[in-house]
Amino acid sequence: MATISVPDRPTRARGIQFAPPVRLIGIGLLVPLLGLAAWTVGARQGWVPPQILPAPQVVWDTFLELWQSGDLLANTLISLQRVLFGFAAGASLGLLLGTAMGLSRPFEAYASVLFTSLAQVPALGWIPLAMLLVGIGESLKLIIVAVGTLVPVAWNTRAGIRAVPSGWFEAASLWRYSRAQVVWHIVLPATVPQIFVGLRYGLGHAWLALVVVELLASSEGLGYLLVWGRQMFQLDVVIATMAVIGAIGFALDAALAAIERRLQRWQVASP
Amino acid sequence: ARAEDLTVRIGYASIGAGNRPFVGGTLAATAHAAHYVEDELKSDPGVKIEWFFFAGAGPAVNEAFANNQLDIALQGDLPSVIGRANGLRTKILLASGVNTPIYLAVPPDSDIKTVADLKGRRVALYRGTNLQLAFDKVLASKGLAERDLKIVNMDAATADAALASHDVDAAVGANELFELQKNGIAKIVYSTKGDDPAFGRNSALIAAASFEEAHPEIVQKIVTAFVRAALWSSDEANRDALFELWAKSGYPADSFRADFEGQPLKFRNSPLIDPFIVHQYEVQTQQARAYKLLRKDVDLTGWFEPKYAETALRQLGLEHRWTARDANGHDLGS
Amino acid sequence: MVATAGSLEMRSVTKRYSVDGSPLVALDDVSLAVEPGEFLAIVGASGCGKSTILRLFAGLDAKHDGAVLHDGAPIVGPSLQRGLVFQEPRLFPWLPVERNVLAALRNSHLDAHARRSAVRDHIALVGLQGFERAYPHQLSGGMAQRVAIARGLVNRPDVLLLDEPLGALDALTRAHLQDELQRIWVRERTTMVLVTHDVDEAVYLADRVVVMSPRPGRIRDIVPVTLPRPRDRGDEALLRLRAHLLRTLAGTPQHAGLALHRAA
Amino acid sequence: MVATAGSLEMRSVTKRYSVDGSPLVALDDVSLAVEPGEFLAIVGASGCGKSTILRLFAGLDAKHDGAVLHDGAPIVGPSLQRGLVFQEPRLFPWLPVERNVLAALRNSHLDAHARRSAVRDHIALVGLQGFERAYPHQLSGGMAQRVAIARGLVNRPDVLLLDEPLGALDALTRAHLQDELQRIWVRERTTMVLVTHDVDEAVYLADRVVVMSPRPGRIRDIVPVTLPRPRDRGDEALLRLRAHLLRTLAGTPQHAGLALHRAA
Amino acid sequence: MTATRQRRLDWRGLVPVVVLLAAWEAISRSGLTDTRIVPPLEGLVGLLGTEVAEKSLLGNLAASIVRDLSGFALGASLGVVGGILLGLSPLASALLRPSFDVFRQIALFAWIPLIAMWFGIGEASKIVFVALAAFTPTLINTVEGTRSASATLVEVGALLRYRRSQMLLAIYLPAALPSILTGVHLALIQSWLATIGAEYFMTAGPGIGTLIIEGRDRFQMGQTVLGMILIGAVGFLLNRIARAAENRLLRWRTA
């Protein structure tokens, strides 16, 4: 599945660009504001039927209502808890597996065929099987989230280790580093950027997998709230929930990015 | 009439086993499986009929109406009310599937014997469908409410699997549960059959108002076709043939046989929009509001449009084939 | 031959690489002995096998024909007694300068205090005081190479192998570090093997200069430099030696033009 | 002053960069006139602003004080009449050698046939026949630089600006290309401005050698080389000029050691 | 080793696979479990035969793949065009990028209700959903690639008096190509996931997703496993094709 990795870090814009460089702070707000205005006017003028697109005011009221009733918070906490546990489990396993495959050629020779084959089945594909095996309880959610996390983390860890320049290993062997010293002082720091790429992917996948299982089989959580809104034909609930899902995804990603920046101070200033 | 090219899109808020495009249990299912509508429209070669079946049941039908992708659909009472509450412009043309019972199934070794035993247990229920309101009423009659149970929201197929894997302690559903009972995966411990008639659920044929206004003559033909299907489906002589026809849905004829056990065919295959049905929809609306499934009051005035059904009955000379009932379910006499 | 501390020897060494499946002879039957405490320079065209010789002495590559010995014993792997400064800096980008130097001492016998002062001294040696906390990406190429030299020296090995360590430096720093190398060598009597492109540098520093020719890598000539130290860069004898070496190099197939140009 | 084809001029040009927020004066009040058809060399320590001068002449950088003129007209942007060979090859990695050279002709007035033969000739000129289909990553640094030179020459501009084009080459190829440059210059009377680190190269090729000093970038001296061509690399007068230039360079603050070393 | 080139198959890789299959077979024959939950392996082969022969498995597979590729083509091409726009125009980037960055954090499947609502019950919804899945990674990587087109090469273009269109075609696009292809590759993976997802959550139609749902509903693990294997196999194949295309288009990068 996620057999390639993309460093999804912002890079500085360089080079000659077509338009003269503009530095308009806050211009990014223009589009959402215009969109919101169009949405408001459109809803008020009845350009789109409310069951297709409820007015922003309605969505906001629904959001407040869900918040005040505690439904939103309760469901959010449940989802967060699931995603964090599942992610923790999947990421640890993925790191372990990726490290083992990266460091040991024989292990990789044994494991890679099975791993690559299983990695081809998206998290979603595992749901029916997992349902048959463990039912629809909490363990299902954990397993699916963990599976979604595991693959990109393992893959990137392995690739990261493989990409460590052999020159550093040579330097280490000159200074008679032990195997443990090589792993701890060279492999680990050299692989941190790639591991983080994997972790950020993993977290994205975890969040996605969670929404999927909750859509399919749950009576709580944000995914369930979406389904409920859909069944009750209340798109305002759906949109309010999507906003929460987006905000949490944003926050989780930003948190990992912040940790990454801290761990990689040595890299930030590089051109 | 000028033969204009028109495709009439008819939806059905259910789907067969394994997503087969066949269903059972209502006169609309008969109309589909035995091509009543297509036959009725033979004289209009420009008109095509397209059927859609929705695993997502009533909620999915609402989405399709909102998208202008359906002209006519069979849909349960609660989703129709939800659709109307959210501004869908529809007309109810004909009853199809009235007094449909709901069942409660539990694993064979379960200690649940009655509805009252459900307190605190995990129960599979597809929310937003007409099962939900019917079940809520049953619960209320035993002094319970949804929050006293742990309701797990899932569609029928998922619920069957969950029951089999003991992921839920009970499942609320329709006749497909008989199949599980036969396979020894579940046993049915409760049915609304024989209980308060108000507990049953109802569904109806509804049309997009815009379609009804634009093509009254086509609507008339379609309704007439459905009435013909109702006639055949209500004939006790056809009992076995009817269940066999419905078995195209992948649910065995025996399930339908058990489902209809002890009830005359015409009791559930009546197309009449009588005071009982209208009242049932009113009750559903009030209860849905009370259970907070609706966020504002819904006005049902003008929603029912019985004139097509009446015309059809008159044309076919069937004014007295089915017995109309008053709001309380008593026969109005003929 | 009696082994003495810091002697190196190669006996009939042939080293082959395979490039895209076809074999490439990097060293062809090379024999070379380095006396303990000797300063040996190696010059030769690009690709003639200079780095390969250093790698074999360092113990980084065990697959070869012939014998490679350190104090008479076969070299089977790296040792802290043989330091190597690579052709490229190979710094760890995640460590600041001082910790990059410290990384070479991880398995040394010095205590923490001695390590710290060794690191400090060697950073000063290469003129990088004030840059202890800088990360590699904040250094110029020349500065990075100086860190690498400090890292190679800090262990104070018996044998120091230097692969064009001064190539990236500007002339001033280069002259300064040449003198420093010579000072260290005089003081510690370390055996040094220096690979360089710069004939001036070779004759200024070395006891003997090995001239190699490429494809296959062979030793073409070994030129002793018997001038006393400290040497004067302008010394007539040195200039004559330089001219001689350039002529020898020019004789190698790849460098027919070099002598003409340089000697002009 | 009457404008003649191929003249360049800088009048009181000051160029500032900002480095990490603080200003850096790359060129400080520099005035310099290049006659049409002249061969001008610029030497100076690293960072003294040599590349900056070429970039301003090329029209790559319009933000500066003072005037930069080509044939008397202000330079506002690049022109096909002024070619520049960058300090690094800057090849397009996705194009094979011949198409890299052809890329320079995209907006030329030649027809397809003339383009093909121009490309072929210039690849031969830099000695890369047989490598037409090779991708840049398959070339050594020196070969890549030769492709860049071919690309700079193929347009046959009135003015050719060369930023250390021969730095990465081995001595033989270097001498060959110096002679080729000279041949082209003699034949086409192109105005050439050559930046180099190599004083030998400067005196061998140029009509005048500009010596610059860094921080801030200024012209320290302009040394005319009046020797007739073809010149002999071993000529006594050339060697005297070389020694003079090295002394001048040595006087610049950054190069106190260079002269010592080089002149030795 | 980045596993780019298929080398001689290492037999060691087959060991765990064989062990797993053997364990499966042993469990299914031990009689300890219901054969509906752990069906014997030969049953799977038989099932494959019946599904192909009687239930148009191939038709379903084809329907899924067509759906996947249509959505992918739509999403990826929009992503590339949008990415170039955002990458080259600071104004467009300032205007649109923040909104995009917020929107892309909404987990893909959370869009299903809205998309179903807006695009209805037909194929359109599914294709829009698949396109959305393909759009995001393509756009991000295209922007990245266009932005990081080396300034030094852009200067060469300026020097050679390239017009805007020449700059775009001869410099920005090829420079961004590795990045774009990475994005397209990711998009291919994501679209396949989304295709299966669309078949799960939107109105039934032909498609391979239906097979595993049916297996679950009917409690036929064999069918579910068969479906998973097919999904995995198609994913694997798409991946291989993408990688081969990448290697071909980027020959200039590797020796």
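For reference, chains read A, B, C, D and E in written order, and residue numbers begin at 1 within each chain.
One rule holds for everything that comes next: a residue touches a chain if its C-beta (ideal position, glycine included) is under 8 Å from a C-beta of that chain, and two chains touch if they have at least 3 such contacts.
Note that the structure is a prediction, hence the values are computed from the model and not measured.
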item: Joint neighbours of subunit E and subunit A, given as chain labels; value: B
item: Chain labels contacting subunit C and also subunit D; value: none
item: Chains linked by the largest number of contacting C-beta pairs; value: A-E
item: Centre distance in Å when subunit A and subunit C are each reduced to the mean of their C-alpha atoms; value: 49
item: Distance between chain centroids, defined by C-alpha means - subunit D, subunit E (Å); value: 50
item: Subunit A and subunit B, separation of their C-alpha mean positions in angstrom; value: 42
item: Where subunit A touches two or more other chains at once, by residue number; value: 51-52, 131-132, 216, 227, 230
item: Junction residues of subunit B, two or more chains touched; value: 63, 66-67, 158, 161
item: Residues of subunit B that touch subunit A when the two form their complex; value: 59, 62-63, 66-67, 79, 82-83, 85-88, 126-129, 150-154, 158, 161-162, 165-168, 293, 295
item: Contact footprint of subunit E on subunit D as seen in their complex; value: 58, 60, 77-80, 83-84, 86, 88, 90, 92-96, 103-104, 106-107, 135-138
item: Touching residues on subunit B, where the partner in the complex is subunit E; value: 15, 17-19, 52-56, 60, 63-64, 66-70, 157-158, 160-161, 164
item: Subunit A contact footprint on subunit E (complex, rising order); value: 1-3, 10, 12-17, 20, 37, 88-91, 93-99, 101-103, 105-114, 116-118, 137, 140-141, 144, 147-151, 154-155, 158, 164, 179, 182-183, 185-186, 189, 192-193, 196-197, 200-201, 212-213, 215-216, 219, 221, 224-225, 227-228, 231-233, 235-236, 239, 243
item: Parts of subunit A lying in touch with subunit E, wherever the complex brings them together; value: 1-4, 6, 8, 11, 13-19, 21-22, 24, 27-32, 35, 51-52, 106, 109-114, 116-118, 120-126, 128-129, 131-133, 159, 162, 207-208, 210-212, 215-216, 222-223, 226-227, 229-230, 235, 238-239, 241-242, 245-247, 249-250, 253
